[in-house]
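Both complexes shown next keep chain A, but they swap its partner, so chain B is in the first and chain C is in the second.
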Partner chain A sequence: MAEEAKTQEEKPQDKRPLVSRVPVKDKEMLDLLLADRGVTYYEEMKKFPVDTEAFKKTLDASCKSRIRTWLKICAHCGMCADTCFFYLANDRDPKQVPSYKIQSTLGEIVKRNGDVDTDFMINCMDTAWGKCTCCNRCGMYCPHGIDMGVMFGYTRGLCFSQGFVPHEMKIGSGMHWIFNAQMDVTVEDYVETCEWMVEENEEYYPGLTIPVDKVGADIMYVVNAREPKHYPQDLAVAAILFHLAGESWTVPSKGWEGTSLAMFAGDWACCKQQVENVYAAMERLKVKRYVGTECGHQHRATITEGPYWAGRKSGDPPVPGLHYVEWVLEALETGKLKLDPAKKIKEPCTLQDPCNYVRNHGLTDVTRKIMSYIAEDFREMSPNREHNFCCGGGGGMNGIGRYRKERNIGLKVKRDQILATGTKFVVSACHNCWDAIRDLEEVYKIGIKWSFLKPILLEMVIVPDHLKPKEEEEGANE
Partner chain B sequence: MFKKILFATTSSAICNDASNAAIELAKKHNSKLYIFHALGFPTRGFGSHVVDFKTGEHEYYSPEYVSRIKGEIEKTYAAQLKELDNYTIETLAGVPHTEILRLARKEEVDLIVMGPHTKEDKGALLYRSMLGSTMQGVTQKARCPVMIVSCPVPKEKLEFKNIVFGTDFSKLSDAAFIFAYDLAKERGSMLYLFHALDITPGIGAAIFGQNEIDKCLYGIKDRIKETYVSKMEGFDNYNIRTWEGIPYMEIVKFARRKEADLIVMAHHSKEKDPDKAIIGSTMEQVVMRANCPVVSVNRQV
Partner chain C sequence: MYEFLSGPMVWIAFIIFIAGSLYRIIYMLQGAKKDKIVFPHMSFKHSVASLIHWMIPFNSRYMRQRPIFTIISFAFHICLVFTPIFLLAHIVLFDESWNISWWHIPDEVADWMAIVVIAGGIFYLLRRLTDPVVNNVTDASDYLLLTITVLPFITGFIAYHQWFDNRTMIILHMIAGEIMLIAIPFTRLSHMLFFVFTRAYYGSESGYIRRSKDW
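Then we have the complex of A and B:
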């Protein structure tokens, strides 16, 4: 601590340190971090001391029997090696074996009871974020059921508590603290975007609305901040499909964001406050069900893990939570949405199974049933379903500049999986996967296309007669 | 008519014709000019990197980068902006057409001015489907008229003394008419109300004899009178012309013959599915071939 105080004293009074053990909760600090390219940030980090006393306390309070047992019983058998896409993509580098990665980081921290130094913590950070996407695939194959993904999630939390967190992740959790969203989109911005999207589309879909804060609706729809920020059409298409399906639905003003970069960052306190926002909206609006957009980690944060962060004993959110694909399948099976079979995708296509709602939430068959409605020639990747590999960009990996090279190497596994299907079209109902696949094309240029489900559905959906715009007078040439 | 003009630019030479037109228009109309440049696409989701549109390089999206790009834009247009007080330069990272539409809506602009495409190869103009997706995205959804400038426009032509309004009698054409008429009234222009009877030969298509064509054209003239002239209160500086042929070709030919300063058309006419109405093919061809600016109208203003 004394060392840290000295470091801070040496700085000009008007310059706040960028690295710290506390989350970013004010706009000024957020702007300082945003203005930094990460260069000063990582330079500062090299001199940032570990508060070993605080570290011990954190371990005492949070490192329970499950983690300690897992670390102890690991037989170092190496069964997890082949399960990790980073190991495969890096020419089977032993340093990429999941058990090695966790034993050399968290294992050492626990063994030394937090008595570690700065260099060690930087290596921990580089491993927890740069060599693991917390996809949890290794956990499926470990004979003891040890889940390195879960342990790296925990390790990230320890790193965060000591200030050793990638630049973009520190910013990401800061965004959640300040905006209750992963990006700087305010409630006003969001509501405004909803109004805008209605204006743009109501002419073509008479009666289209995006009901904000409608109490008692059947569905509360929650999005990923990237949608209002960069892809508002996604929100428009969601609204059109709900409209055509005749759903009673709403979007909350407060609590509209379902994602959690705080989860990727390991900022536990922020995870809690973020998900509580969404739960508060569910309760305030007295909705029957929650539907989250086409995002994997949003589902993990709000539906799978969120209830535990919020201290909900039931392990469930306040109302049943559906991923968007579950709503789509329900709408197709009940006939709320009818697709024109003639418009099915003709070319061979494949499907990306997002780890967060397939391996970690069991929605394996849902997307496949949807594919049967939309594709004439669907071809599975191998391996697939819960055995599928991470896209290569999960766990925050896509967003971290420091690990761009590592991420791009990791993408080779997904690239080869896609190439082996012989298809040129990948359906991906997850923002992170969609991004990774797009970047994969940018890096390796294998000539593929990729799409979320919504644009495909909009292309195929049959608009009921009563929802069609009134025919205009025909032109003279017709 | 144009209190607020939004000029969307790639900030490269390809937008020079559009920038000249936008800045001149702003001067003539004492408009507030918003010069907007989407400076990069945020490829990394929540990451802080963007792909610079000009260089294709990955850049860190920092306030420093934003102010550098703003400075470059200011420098690019410095000479033209000298006599213009009321302008602002806006930049941000995002999907260009989304951000252009967002800004246009926020500032309630009356006109968006932009170039036709972002490809440097002028020869590409000869081919279909070379319109930049940004322009397509903007014209598809914009609530205000969009002026596409794909050729050099001398200052005097921006007086819009000769306006050609091309119609196919669709509902959107009514909106385009209102824009053309209001502008003609304000500028004291000659307004040509033009329709081209489509006699494009096709398999199984009827082949018209000249007598039938003439008969049709007379009918169309009456329809123009009934539909548009009836709405022009006391304005008599107009001319009705009906030609036969391939519509886009005839409009372009007519505009050239009349040395038109502006062509005004509906964005799309027959296509009711908004996602397919990327841009009417007639409009698309006219934009690429016309030797004057073309205004696309997509909404009743």
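Then we have the complex of A and C:
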């Protein structure tokens, strides 16, 4: 023990510094950061200097007319205050007003042209990640259309370039650099998981496959690394539903991951390389369409913002990109998937509108139409659709330990919205929202259940006769 | 003094206002061209939709949520812009110099419009002083800009009613008006110039890229 303690004491001098202005691109560094759990990392950060020369250059190159105009014309009217769920959840704290948050961080950086110090940057970091989820709700309510969510996205990039980034976000972008995924799941791991899920389920769904790298399929299905890593059953259910719908589909080996913690981290270069992987898979497999899993930020990263990161002039991905909910609705409307109306959810239920594909990609009616297929008593939250509040865990917030307290306070707004519906069941087709609602229940214990769409659909779907296992028919005779 | 302020200084103020405004707008547009996501995001249809929704009172959700603020803001801004342009006393000056004139607001109405601007200014001042949210985003420049904005109306109102020494009041009124014209392009008052552009951009980004309403 004593010896161990001694070697640990000696180690820091030989250790590579954990805080740096460059992304994590090697496994050794990634492991060091993972092992540290943020303790030494944030201590180091307190002494980490700001490279003001480099900062000026970054600003010159990246801070363009749009953001400068926004910062200049903000009339300081404070109208954005109650558009922000953090402001509401923190008892209307003036320090949580979006315009204050941005003026005191990015506004100052631009005003001083990058001549800021370490404490200032740590405050910027704590504001950009700990007081904003980049839900973009404030922008909708600003008379001038000043989007503070977009500006905080940009501020995150500036913070990242100077090394002031939350521990988990640094790791997140590192994962993308090393594994092309937000978690340490390799292509081999992924393909194996696919095979495993087929093995587990083909007995019940004869002919079930997860076709990997099938060239010319109609649909390329792309997941969130959490699914193969923590909930492989989700992948299995996706496969079962595609199978039952008779879709021609495939999953790519390389390019299988559609999420982008790099986007939350503000690592712009990594965003580009991450999304280019997915686009390369679309082109390599010559698929007709892309369908992403039940994840909000994956849709934003790959379909809405990705084309710009990848420098695609059209602003579109190489093939049309659908969110999972769009595919579900199409399958229900065309009759590819048939649900048993008797199995509709009987109890009152509500729906979470994820910012990233509702406010940021207009999929408002799609989810409501799906609800009409699956729920007998669907009740809206208020406000809803593009006016809905962030779940409280968006923008990477769920994953950052340093802001857990702030996150839990922020969850109060969603808690009260859910309580006001009088329902005990929340449907959420987004990983981040799902997590936030789960944690909300854990913290506030309001007695709710929550679910993705896939498990609900699997419960209700009618299996066509020719796809039923023989055993089941025998069982039915008994 | 009077001659200078009502002659060359008017020219100077207008030239700075117009040239400064053009400079700011052109500079902004040039910069926006270099920003690879501004122009590709623009859409005429969504720009117009956004402008319509935000220029007509109670046509956006937020305006309906704050009816009093909406009424005051619209009244303040409408009176602020239209009173000086359609004031008979101003038009007469143009008529005398250049022999051009246009429709004018009846003086009694203009008088009330000036009161609306002054009252709106007081409302904004009190709001900045008493509402902790607004107070927290306020700095000295906000008070200065509010003064620059309202002063031409206070002095104009007094001059019209011929209180105090009328000539002095008119001189003060001209100084105040000229300061305001010069300030517009170079301060946050430039939101007057940029409103159409930022609104059009946000409307386009919302409607065209994010496929969402922004009202």
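The criterion applied here is as follows: the second predicted complex is superposed on the first by the 457 of 478 C-alpha atoms of A that agree within 3 Å, B and C clash if a C-alpha of one lies under 4 Å from a C-alpha of the other, contacts with A are read in each partner's own complex, and residues count from 1 in each chain.
Please note the rule applied: contacts are C-beta pairs under 8 Å (C-beta built on N, C-alpha and C of every residue); 3 or more make two chains touch, one makes a residue touch a chain.
This one's a predicted model, so the numbers in the text were calculated from it and none came from an experiment.
Asker: First (chain B), second (chain C), both or neither: which does A:172 touch?
Answerer: A:172 sits against chain B, while chain C stays out of touch.
Asker: Using the touch definition from the top, say if A:342 reaches chain B (first), chain C (second), both or neither.
Answerer: Neither partner.
Asker: If we overlay the two complexes on their shared chain A, which of chain B and chain C does A:387 touch? Say first, second, both or neither.
Answerer: In the superposed model, A:387 contacts chain C only, not chain B.
Asker: Which holds for A:61: it touches chain B only (first), chain C only (second), both, or neither?
Answerer: Touch partners of A:61: none, neither chain B nor chain C.
Asker: Can A:22 be said to touch chain B (first), chain C (second), both, or neither?
Answerer: neither
Asker: Tell me which partner A:232 touches in the superposition: chain B (first), chain C (second), both or neither.
Answerer: first
Asker: After the superposition on A, what does A:35 contact: first (chain B), second (chain C), both or neither?
Answerer: first
Asker: Chain A residues touched by both chain B and chain C?
Answerer: On chain A, no residue contacts both chain B in one structure and chain C in the other.
Asker: What does chain A use to touch chain B in their complex?
Answerer: 31, 34-38, 167-168, 171-172, 175, 182-183, 196, 199-201, 203-204, 225-226, 229-233, 261, 398-401, 431-432, 435, 438-439, 442, 458-459, 469, 472-473, 475-478
Asker: So in the complex, the part of chain C that touches chain A is made up of which residues?
Answerer: Those in contact with chain A are residues 28-32, 34-38, 40-41, 50, 54, 61-62, 66, 69, 131-139, 142, 188, 190-191, 194-195, 197-199, 201-203, 205-206, 209-215.
Asker: What residues of chain A sit close enough to touch chain C in their complex?
Answerer: Interface residues on chain A, with respect to chain C: 64-66, 68-70, 72-79, 81, 83, 92, 94-95, 97, 99-100, 103, 139-147, 304, 308, 311, 313, 315, 358-364, 386-387.
Asker: What residues of chain B sit close enough to touch chain A in their complex?
Answerer: Touching chain A: residues 42-49, 60, 62-64, 94-95, 98, 101-102, 105, 141, 143, 168-171, 195, 197-198, 220, 223, 247, 269-270, 272-275, 299 of chain B.
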